[in-house]
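Multiple structures follow.
What follows is a pair of complexes built around chain A, which joins chain B in one and chain C in the other.
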Partner chain A sequence: MNAKFSAKCVALIAAGAMSMSLAACSGGSMDDSSSSNGSAANSDTITLGSVTTNSGTAAAYGEAEVAGFKLAVDEINAKGGINGKKVKLESMDDKGDATEASNAFNKLAGDNSVLGVVGPTISSTTAAVAPLADQSKLPAIAPAATSDSIETGGYMFRTCFKDSYQGEIAAKFAAETLKVKKVAVLYGTGDPYSSGVGKAFAAAAKKAGLDVVAEENSSSADDTEYSSQLQKIQAAGAEFLYAPYYYSVAGPYIIPQARSVGYKGYVMGPDGYDGLKMTDDKSLYNKVLYTTHYSPDDTSNAKVQDFIKSYKKANKNADPNTFTALGYDSVYMMKQAIEKAGKNATRESVRNAIAGMSFEGVTGNFTLDKKGSPKKSVIVLELKDGKPQYKTTIQPSK
Partner chain B sequence: MKKSMLSTKQSYLVCAIGVVALFGILMGVCESGLVNAYIKGIMMTCCIAIIMTTSLNLTIGVLGQLTLGCCGFEAIGAYSAALMSKLLVANGVAMDPTLRFLLTTLVGGVVACVFGVLVGIPALRLHGDYLAIITLGFGEIIRVIIQNLKVAGGMGLDKGAAGQALIGIDRLANLYVVFWITVVTVVLLFMFARSRYGRAVKAIRDDEIAANASGINITYMKVLVFAISAFFAGIAGGIFAQYIGSLNPAMAGWLQSINYVIMVVFGGMGSLTGSIVSAIGLTILPELLRAFSSYRMLVYSVALVLIMIFRPQGIFGNWEFSLTKVINKIFYPVKVREHGKPKQDGADGKSEKAVKSGKSAKEADKTAGKATKTKEAQA
Partner chain C sequence: MGNQIIMFISQIFNGLKIGSVYSLVALGYTMVYGIIRLINFAHGDFIMVGSYVLMLTIPAIVAFGLPAWVAVIPAILMCVAVGVIVERAAYKPVREKGNSMTALITAIAMSLLLENGSQAIFGADYQTVPTIIQIPTLSIGKLKIDGATIITIVLGVIIMVALQLFVTYTKQGKAMRAVSEDKEASILMGINVNSTITLTFAIGSGLAAVASLMYCVSYPQVSPMMGAMLGLKAFVAAVLGGIGSIPGAMVGGLVIGVVESLTKAYIGTITGGIITSAFSDAIVFGILIIVLLVKPSGLMGEPETEKV
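Moving on, here comes the complex of A and B:
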């Protein structure tokens, strides 16, 4: 065969194939809305999908959520299911990775019997799944993804309050319950959680008429040395310090260092204080408060004790944690929505039922706002000799 | 002798036909609705993994330098492409989506390439473990910088918020276009590896002092390879951004990079076809193992350990799959043996073999295709 001729052939075929691929762009597009109008009306089971982080660094969160899902599904089935149909849980792991979460969600979206999804676990995977939920019209409720940026206003909802909301609630608590005047805030600028909550607190505190005497920050949320910032805060005469950090930093570093520069006022944090790591001197941790989703000592909510009782019964006396409670509530939200959508529930009708729903659960009573985040009551815990004690429940401002 | 075997040009033709046939199959299953978004998503992930792994193999396998910063470049490419796309929309530039996708992906590649040069010049003075640590540090630096950039969080640009995941990126990635980008990437990498430059790079890998003594500019070559590798990592990032639709600074972390290093080692260092097979294999494997639910990561790890025990050189070693060779073997069995023997001139056998296998430039795509086919069969 003539070499020139072969070369021309190759060029021609390649050019042809490429132009073909451009012309046929629509076919290769990742949209796949054709298979999305699934209805589970004909089968006698309802399938709920779950995408959670069961391996990797955040595995403990995902495992706790799945325990909550399972408990709720078992309870629902024991009471006759939803609209007379048994509920089946299709559980998927995402390793805490956005690509894996998308694959898992797509797999569920391709299965027409799946009416709704609970999950994903963490904010970064939820951010990846949110546009997919809108695209495949499959409603999803994330139990504990608190980041502000996952809101789409479409098919993505959540059970937990969002980060900035915690900051607002803390400002309200400082102004109305503690009745302090001079407040300070310290946060890590590099961390979405820390900076998001901290900035929201500062804005809300100013609005509530509090005097923000110091607004300090660290470059990341895992620094270990905060003395210079804390000295400024102490010098400014703050009575209340809001320090949104994780349990592994606030416990061993921020609080002891604050006490050692002579600061005696309140220290408050968000739900990242859950499981605070403490140094030996527990007296340093008095006047430390934090907001959270759920407390086993919450006496104002009757559902909490029932939930703890049935969880202990099903799990060899183990204690449920916040993620279990949020997961449990997420499944019940799905149940309420599917019941409202009726016997011929479709993904779209379930979505419409979730949007704006009012719900009473273990983690509080709430109504979902337009963007799918709840305005809900927040629990405040106070440490007494290193043990978290239920302090109060703050209702959302109307 | 030559007459009865496939000539180089003919073998190109065979490979081109192979790639087109593969594309035909891909189009066939997509158009006929045989595959759903899940399978398409996995195919897309495979393409991204192929680009990342083959380009990383250029640095690790062909140049012989261990780097752990490939995801830093991927993240740079991803963020550049995403922000470029947002910038175009914000300025009201009306553009065909495919054109916008190609343009922004290219921008991602170029920006990553520039960073590759900037990092490469100081870093490549070091070897081995030291280089690995420098590149590891680079990935972390990128992660922290992105985390603190206001334009690269939230909705991006002027509506951005530092530290948040970047969301609302238009999901323009199209499987057909990405397929061809992958093909072009692999072809270019093959052509580079078998070119004059490629041979020089392999000489550096095998004996740096000897290569220097024969007049090869070592620093230039190393930076060149590093930059090419970074460019394609940036391209992969651009595709990833416009496929997933949201980006997180954590993607630049070293753990992600390790994943791709595993793929390279698994497939065989220096073998681009091996990289393709392992990229596809290791992307699909966790999905296939979904049935094992909580044991799936265990099975995955055991599979990796077993491969490393029984085939420490990786699945392909430094052997390349070649469609031409297969055809020659089938149709001209005797000739091949004659043809293969006298070529060993006693030079460094390892690099010689690798250079020869470079002949199979486009065969790689064919293999890529094979695996995609298997994938589809599983669907």
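Moving on, here comes the complex of A and C:
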């Protein structure tokens, strides 16, 4: 997630993360599942490193991811480990800082018992770690770093979809599920997230045969006034508007202003709409949709309910969030890769097992593409009286 | 063709919507600059303070059965208090010891202090302001005009006229003009310069609270950094209108708003997509540079005469 998007979810998931952070802190190094094995180079254990943001503004993400890692490791150990070996998790905090993340990763790379790393948490730290992973040939899976600019596919992979992928999926959803014909797009050129997703949508929409009647921009992704652009979009006869902005702009500004210039069609956005800030009149937000990684109401995926049950049992009935789910999947991806690499798994053989792997997880079923990002199913949520509700799951195009 | 004209008028009103808010903010800038020749860069942040007070007091005011806009009264009181404290604690000591450059830097420091201070108190996250007034949209045929825009413009004109009358006819207003003409001579004439300046700040800050009310009607969200860009745009408006001129601030704000809106609406078509609506901010700040080059005194300002 990029820095701005990071800041946003903090409040959103703070409540959930608070209970998690208590659990996480009390565990210290998170290796209580294998407390009998102190030595790092013990051949009876497999060590997984984790680099996450556990302090600073994005701490809530990192804590949620660690909770997901821990749950997955505990489950794996309860079922006899990987290839008969217990799994040990070596957790490091990068404080949301690229230098700290690099140092933490290098420390893990220097420890020969570490077979793979899960993390880092946010896009900026992941971008810093990606070249280090290639240099030290230590495979890493970032659970939630969505930025398009991260170099993946060497030794760095990710569990989440890339930002721009959401634009492609939204175009597919508009064409195939909503069956609209005339679409419009509005994005902030000054923001890589907004413009990256917006441009990807426009390209995919044209490819899908949709009529892109308006392609409008704003200077930045935190403007307050969009009526001029929205008026043009309305006049162009759009039935569907894709507006990739953050929750703090789409909620109070874009959607009410769109309704006020008379636009009655669909408004759709990416995961930046999570925790949308809404004005008092919730009726303005009907026909608003957004894509996300995970929904507890996802009925199409049996793994989701098992995951929630298992998490609640281990965490005093607290609800897991998206980051927990992505973290949980990341560890299981490592497990699948290490199992494939076999008893004598090395970092290189694990890397080769991750590349191009097919995986079935809580956040969807997917295959990693050549660039190390998944082509995966995406959840679409729709707002009903201001509350996000599970709408459908969009499967990736073949 | 008819649709094109309606579209054009709608776009003008879209511009007036944000422009009327710029006007209210610019009035505060120009008021302070006109008297003490200080560009109060913290003015945008006074709006932020006012907006937080609105957000926090509206639920209580509504619970008392009063209309929500009454919350502007605590907002004015708070902004005046903050304005006077900032003046007394930061600007006055600097004014007595330093020059206009040190005063300007102090203003920037105060702006950062207010932004980061409120971030420490309220957190960095955005918060929604409850609905203040439901103003119906005016429909004239196909043309839709936002009611808040009209109220903001009317309010701006009332404030502009009131300020102009105040400055021209009251004893305090005359004292303000005298201080702006010549501070030393005013002291000799028995004018209490410090209390006159404090009064100026109190009025300017009170205006910020009124501006925050109209801002929150149209854009119902607060965050610690909300005043920064708004303040800058309003500053450009004040310079365009002629900083120090009260009607100039009003005109400047509306012009900036309309320029912004028309840029967003038409520049792409006019330039064949080479310059897009994303350039609207660049064009607004381009105006600042052109005004400073061509007519530094602005549209309605008096030409600056060097005082010896």
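Brief remarks follow.
Everything that follows uses one rule, which is that the second predicted complex is superposed on the first by the 355 of 398 C-alpha atoms of A that agree within 3 Å, B and C clash if a C-alpha of one lies under 4 Å from a C-alpha of the other, contacts with A are read in each partner's own complex, and residues count from 1 in each chain.
One rule holds in what follows: a residue touches a chain if its C-beta (ideal position, glycine included) is under 8 Å from a C-beta of that chain, and two chains touch if they have at least 3 such contacts.
As the structure is a computational prediction, the values presented were derived from the model and not from experiment.
In the overlay built on the shared chain, the residue A:A109 is in contact with chain B alone; chain C does not reach it. Legend: residue contacts after superposition of the two complexes on their common chain; A:A127 is shown touching chain B, with no touch to chain C. With both structures placed on the common chain, the touch criterion links A:A235 to chain C but leaves chain B unconnected.
Contacts of A:E225 after superposition on the shared chain: chain C is touched, whereas chain B is not. Looking at the shared chain after the overlay, A:A78 reaches neither chain B nor chain C.
When the shared chain is aligned, chain C comes close enough to touch A:G262, but chain B does not.
A simple residue count on chain A separates chain B from chain C, and the partner touching more is B. With both structures placed on the common chain, the touch criterion links A:G190 to chain B and to chain C. Shared contact residues on chain A (touching chain B in one structure, chain C in the other): 7, 10, 189-190, 219-220.
Considering their complex, residues 7, 9-10, 12-13, 16-17, 19-20, 23, 27, 30-31, 33, 36-38, 40-42, 44-45, 97-98, 144, 147-148, 153-155, 161-165, 167-168, 171, 173-180, 240, 243-246, 248, 250-251, 286-287, 290, 293-294, 296-297 of chain B touch chain A. Those residues of chain A that touch chain C in the shared complex are 7-8, 10-11, 57, 188-190, 216-220, 222, 224-225, 227-229, 231-232, 235, 247-248, 251-253, 260-262, 277-281. Within the complex formed with chain A, the residues of chain C that make contact are 3, 7, 10-11, 14-15, 17-18, 123-128, 130-131, 137, 144, 146, 219-221, 223, 229-230, 260-262, 264-265, 276-282.
Residues of chain A touching chain B in their complex: 1, 3, 6-7, 9-10, 13-14, 16-18, 20-22, 24-25, 27-32, 34-35, 54-55, 91-93, 95, 98-100, 102-104, 106-107, 109-110, 123-124, 127-128, 130-132, 135-136, 147-150, 189-192, 194-196, 219-220.
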